[in-house]
């Protein structure tokens, strides 16, 4: 119990430190709205990619429909905060977004999660596209024109706090009985079933969990950028999140953080290269994948726990 | 044992800190308003140079570069007493709204530009507004057409946001009037580009004004190439004309396929079609009985000296007939120049004032006066294509 | 005669036109150790799959006798059957390879230690209590089978024999009343097989459960089981004690006579 | 009735393009289980190749198409060699991301060097429209349908009758066993890429001629649709890909014909999901049951 306390306190320290550092930089003017924009984008991408990593890396289900759930959150916020221009309106919209995303994830997941591998990927991609096309043709979502002048109810601090909370919640989920059950599904579905694990239920749990974090990411995106359009949530948007997950290492939350930061920074730096930016970006992507096929960190996870005992552990692995 | 409480405290502490700090960050203020020029007048370009709107973005970039070259060759912009050259900072926003916001922030904060031209699309533009407003730097979009683009939610004008193009309501209703009064079309079919605000906005405005019957209303997406199914379905509907707001890449194909399918009624579109490529894609034989509303015409050179020189220069530099997007972008740069010269200052706030007060500015796309909503008022014409050539132009009132 | 635990009556399984299991009736009693033998392709593993719900039966009835009465297992999913008290190992080891030995065992305990969703994501004291209880129970089980030393290793790093043993431990962690072992001695050397024999006896004795095992290693089978079923071509060929089976002419013919 | 006939023609011409593209997906997937995301962009390269050789080198149409097939085959092999071969033993999702990277590279590289502008494809063949009992069909539509069917037949023959085809089938079932019986896996995979890319190249030139408009991003949407077609037909199956392609072409046409053009893609994806739920491996896909 004492060890847990120390361990949690260490993480709390890291989070507060991160906050203070960013805030100090902001205050001193080191972070202007350009850098802030980058940081917020990275933060939102971390929220999105962590959820997707839970689905792909931990439950082993290949989903290509993350942007669809993100769209739900974004539009919930966009629509609700048009009339309720208060922070409460924003938090309400987050809750509503999560609620709708959960319902949508159930509708999509219950039938399709029986599919395997690439078939599931293509089915979830189709489902996300259906969500997007519906949004593109609805009146309440203002169709293809999208919503703009969404009230700016989110600062970088809100995004930071949400990022911390979703990460804590996701990591806690992974390191619990539920998380282990979810991972057993990834490892061997038949064996898991025979151990009494209701694989359909746990797959769905991970899928719904991931979808609700995507909705949070969408809500933050809508309120920070203040403009959303159906085109923001197309297949390429899902793929962008997938790239973060795979680049960081499927099954490593630490990797997701690193990849989101690396890609976010790269993208911003490449802004200086004009039209060459996407060429350099794609080359970087190909080269990283060829030289680091299991992602930047593989399945390695940073933890305070084994800091003292890691050497001993490594030795025993190499034996 | 105490982890639950600790957890709660952790979250609470973070939230309190967040609120407190957020207060700090909004409270700070930088003394003088806006960006000032250095040795040169820095103008930023926030443009769709890759991604789905890259084709239009690159045309606009050509127009901007042409304008800047021309201004610099004649010594630059007169700021007060001295002349300063323009330095362009061109950045690609990948046709992504998030990136457009980031590019806007970089242009105003890091590059310290005094004005921005772009973005091309409404959504990329609206995503940039918060950062432009925060830095008090004006932006002129050559082609953001949503009526609300320059407005805040409460209907007030966005102080720093301008455009060089028509807004949808004006263009859509003009098309409706033209079809009723000139073409005498009683029943029409509407074919809308449903992938952006442009097509849908025009259709909305068109339907509001049009008094005849809309016999069929169909949509397509950018990048679509096959319209045969929609056109075959239209063929047996009794229609007098088709209203098809969209861009030349799809409209060219629609015209071609419609004519091949034997649909010979007039096809009316918007300024997204006003491009020589339309005829090339549709084929000369098919580009018949085609009309579009536009501020700029390749025939403009006959009456407008500025347009004539623009057309000549463009042809000399890029070996192709200047498209409308390039013309609008070209005008955007000159609008900024006019604002600077009128105010005698290249401070970004001053430029904003200058843009808002712009009056009888003679541009390629007509004589422009900025109205209170930062929409340029200029005259609309309708061009008619016959065998791929602009045969005549109509003035719409 | 002790009381029955599971009965299967006239179960049939056909894949397309092929009948893999034809009209087989078996019964397994409380705390019994039963062998299931037969030549390759006789349908032994298929029978296991039918009884554990991995593949559904074409016809026939499977019933489990519990304290609450008789429960039909027809149409139940493998997870439900596992929760009802039937566990198994696999012919080709199916461990959760990337996960640690401890986690392999804890996963099998999932249904015995309930944690609410919010309990776990917000780490309430109850969460830590349940986790600790679960870990203690798992470690106790690992200790019994001499796996404490490798508890933190990923299952894929273990030697083959230990992997087989871990699979049995994992199956036991579900607290089964009936345990199916599919060729537990496959690929083992005589020494390891002897260890396994001891292990199986110990499990039956210490955990008071019924064990059914498929095995080709006759020394193991004849040594430990109390009763035997012999399958051939998907049908039941014989049933009885090891000594009786060894003298059964039909069995001898099936095993030794080949085509004759 | 006439309208239905006409729509059928429309659907089949559209479908034949999807089918040609779907073949490339299905073959590559069948052999190395990779969703070759860059396939749609190879089709774009084919169209651009056709554009340049007709405009600059004044090739006739047949030559343009054949050279485009050759060019795309080469590009396919090069991409496989540099981008996918190093990853053959890596997780499949890694190879997928690389494929996405290659797709980005081709799209943006072409945008960079040749601008994003839409180009009009040279009309190497004059369009002639035939009227058959009220139904119109152009010589180009006939050409597309004919070429598509011919190429599919040819492909089926190559796979079923030639030694290389047998090797392809062997590698797709069990690469290690194939290697043991003396099949050169690398050559076989290269050949598969060449064949699939050649199909895409042909589709590119045909599309250019038919629609008269090409641009660097033209491969994105049809690429995804063709992949959906391959999945519907049962990925890995050549007749399945053809059937899937025609099915999607007809479906899109039907949805637009009844006036639901805004939901065209939504209906396609919905049908995809429904088909997968009924037939988890597509129409002609082999259902593989894991052995326990």
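Labels for the chains are A, B, C and D, by order of writing; each one numbers its residues from 1.
Here, contacts are C-beta pairs under 8 Å (C-beta built on N, C-alpha and C of every residue); 3 or more make two chains touch, one makes a residue touch a chain.
Please read all numbers here as calculations on a predicted model, not as lab measurements.
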Chain whose average C-alpha position is farthest from subunit A's own: C
Most centrally placed chain, judged by C-alpha centres: A
So using the touch definition from the top, which pair is joined by more C-beta contacts, C-D or A-B? A-B
Report the inter-centroid distance (CA atoms only) between subunit B and subunit C in whole Å. 70
Take the average of all CA coordinates in subunit C, do the same for subunit D, and state the distance between these two points in whole angstrom. 49
For subunit A versus subunit D, what separation do you get between their C-alpha means, in angstrom? 33
Set of subunit A residues in contact with two or more other chains: 1, 4, 8, 136-137, 190, 275, 278
Multi-chain contacts only, two chains or more: what residues does subunit D have there? 108, 111, 262, 265, 292
Which parts of subunit B, given as residue numbers and ranges, touch two or more other chains? 1, 3, 7, 49-50, 52, 194
Residue ranges of subunit A touching subunit D (in the complex, touch as defined): 56, 62, 111-112, 114-116, 118-119, 121-123, 125-127, 129-130, 133-134, 136-137, 190, 235, 239, 242-243, 246-247, 250, 275-276, 278-279, 281-283, 285-286, 289-290, 293-295
So in the complex, which bits of subunit C are touching subunit A? 52-54, 77-80, 82-83, 87-88, 90, 94-99, 103, 106-108, 110-111, 113, 115, 117, 120-123, 127-128, 130-131, 134, 152-153, 157, 170-171, 173-174
In the complex formed with subunit D, which residues of subunit C make contact? 45, 49, 54-55, 90-91
Residues of subunit A touching subunit B in the complex: 1, 4-5, 8-9, 12, 15-16, 19, 23, 26-27, 32-34, 36-38, 41, 82, 136-137, 143-146, 148-149, 151-152, 155-158, 160-161, 164-165, 221, 225-229, 231-232, 267-268, 271-272, 274-275, 277-278
Across the complex, what residues on subunit D touch subunit A? 29, 33, 35, 83, 86-87, 90-91, 93-98, 100-105, 107-109, 111-112, 224, 227-228, 231, 235, 262-263, 265-266, 268-270, 272-273, 276-277, 280-281, 290, 292
